[in-house]
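Following: one structure in structure tokens, then a few remarks.
Order of writing sets the chain letters: A, B and C. Residues in each chain are counted from 1.
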């Protein structure tokens, strides 16, 4: 597997980065991140070019990072500014600098050629800035799974009835056909389950007593960000698809960051249009999502083990795989385009 | 190493399989086993053909197994009978079914082409059905060792004096030559030690006070089942070889199942012609055999580590290796014959 | 990486070897060591030529070693002297014998062709036999690092200010240029830091109150033994380089033994010219060196992880790398010479 490099990935929540040097790994590259004294984020290759010690084992001298072995010191751009005991600094004394941006309390990192980084391309959701919505950061969930299988799962409404029977799904949805729209840049897959008992999640947060109309919309942004729009409304309202804002509506957003061929991190958050001033609701939603996403983790890590054991086993495609299959094809083409543009 | 596939292997004791799906691994293949409502054993490839999730992570719907990811459901023959949200079922939606048989409270599985499975070929021991004998199932002992080295050990009377000096052997047998009979389908290696102090095991179970005549007969059935006939009798009786039934006689039976190139399971049981109604004797024999077989495990796992570290080290053959060497040669030929019959 | 084989390596301190068989690993070879009844050290390949069981799992019969599987028995020269149950002993029944010598309470082992072993080439330090010095054996420190990186560190005075800021170094030495002498068989790198506060170590052991002149001399003996000469003297004495014996002077000696491509053992000891009759000082020095060498261990194991992850990353050389670079070149030539002399 190769990775899509020309994209903004989530390096972490803003709160994760301070004056303490933090090491992260993306696409097998170790990266040291820290804030300058004025709070700007710096991301440098986490390997001293002298003896390969991770720079994150060193320390900050003002805005510079000093290697813990022989004191070579690099500035936020990655240029060496000091070699103890040596007057001249060779040109090769430099570490790779990664473009980073902070937006919506999230730290974004560009893994492609720096000159192609365009901060206008960073993912954005209208509801982040909408006062009718409460947005809340969840966890960094580590998956021992390649990121493609996890992304697939995020444009797959059909798994919900079986993987999350007590929280996000229930048997009423088992046989409902999945609809998809693969015409735009964002892949969409969705289902409406009309006139059925509410699922566990909306029993807890919607106070529904009778039957509801329920929807799941999965939006997958290339290469690996998903927005899932869940919601319910009283069946008696006979809600139209475009009227979902009238119902009880919750978004989860999943920022997938590939760590290696067989590992990724899913940083997830949620947004809601109800009880937006109640912090306790945020906490309770975190709890329920943790439960549900651990169910995905168990499934996806078992699949990774099976794939690692024997990579060339044949699998079959079902009708529900339409969006996932298009997703994989697009990833393949993006990687091919990057390779071609470099030659 | 390759494996002999056209053979009945032990999947487990009958008591191990219930309405809970159990995963086992034989020759690197993961297999899901369960009982139907009427108690019949089912063995299916433990991988859903859709996304490769182990079916053992799903659940039973009556006699069928439902995948835990998207609900694909397979019947006991391995055919898909339901794809939730999809009308037609593709022909490729099938998992491999393994022939299984239950006999003597043991579950047998056939790893070769199903059409070649013949239940008449399942291992049988006359004493299983003999009312003068008590048979008792022991443990499933896991070896981090390839199965050939373990099998060799089971047609090798010479190791007993050195590996089991306090239980099954003692110094009196060290220099006694091993006899072998390699003319039949079953390989045999044996020794008589006449007029010597009893070993620990027969001190405990035979109540011998003076010297005894003692025998060890090792019968190795291809590809990997061994029966070991141990016994002792008062030296004064001057027992002939064919009169062993008159002495205190114990069989251990070892069913070796290869798990991978470097792992196997030895399911062992024992039979005896004394104190056959005393359950406490069964328990005490279990204890003593556990002690002895752990001594074999330590030896064989150390050898596996050495072989894994460096596979092309030269070794030498001794006189005691006659039966083990014939065994290895026969395994090699069986595998070659299977390969040739498939082309 | 290949290893220099034609050299005397440290197998262990004399006190480590008794009538109990001890297994060590050098350059991926497992070796069984024990003492004969008269105290002579024996070193044999730790693998029985019959079934590859480590001989160290067997037991001593007088001066011979008996395999724990079938009782094959080898004498101190490695020749088989007994095969239980078999009259004649084949010529191939032999295990490799390694030349060993005991000197200065250290057991030395020769890893090259036995006929080239010359005990006069064993490392020696004049101060071992000098009554004005106390010598004391420390620990066997295991590094998950290739031995070359560790050896480099032992001819590198420049790391001390950064890796050991509270014990062996301090900021005053950061910018002092390293001097080297690469003209002889022993590589030397050194620094004098004049008129500066004492480092932690010499505050503890020298009772210095004012500024001192401090030196670090690193002597690297091929292929992997280092002597480090540290010391301090009152600045007012204006000590010359050749008058170091007048100051408070401590040697650490590091005997590096390669275990595998990515592991080695650093057996270290220390010698001092002060308080030579006070055992408590030896104990306290052990404690401080343990602290300091664990700092090296953290650095070198992190570097090994980085190198194992990706072996072809480019690195740059600094002025301080003069002696380390010559060291690596000499190792390379020694290995080439050995290979050529064998063809």
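Assume contacts are C-beta pairs under 8 Å (C-beta built on N, C-alpha and C of every residue); 3 or more make two chains touch, one makes a residue touch a chain.
The shown structure was predicted, so the numbers you read here are calculated from the model rather than taken from an experiment.
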Chains in simultaneous contact with chain A and chain B: C
Rotation, 0 to 180 degrees and nearest 5, that superposes chain A on copy chain C via CA atoms: 120
Same-residue or different-residue interface between chain B and chain C, half as cut-off: different
Distance from chain C to chain B - Cα centre to Cα centre, in angstrom: 49
Touching two or more other chains - residue numbers and ranges from chain A: none
Partner chain B, residues of chain A touching it in the complex: 149, 158-159, 161-163, 174-178, 298-299, 302-303, 306-307, 309, 313-316, 318-320
Touching residues on chain B, where the partner in the complex is chain A: 28, 30, 47, 49-54, 57, 66-72, 83-86, 90, 92-93
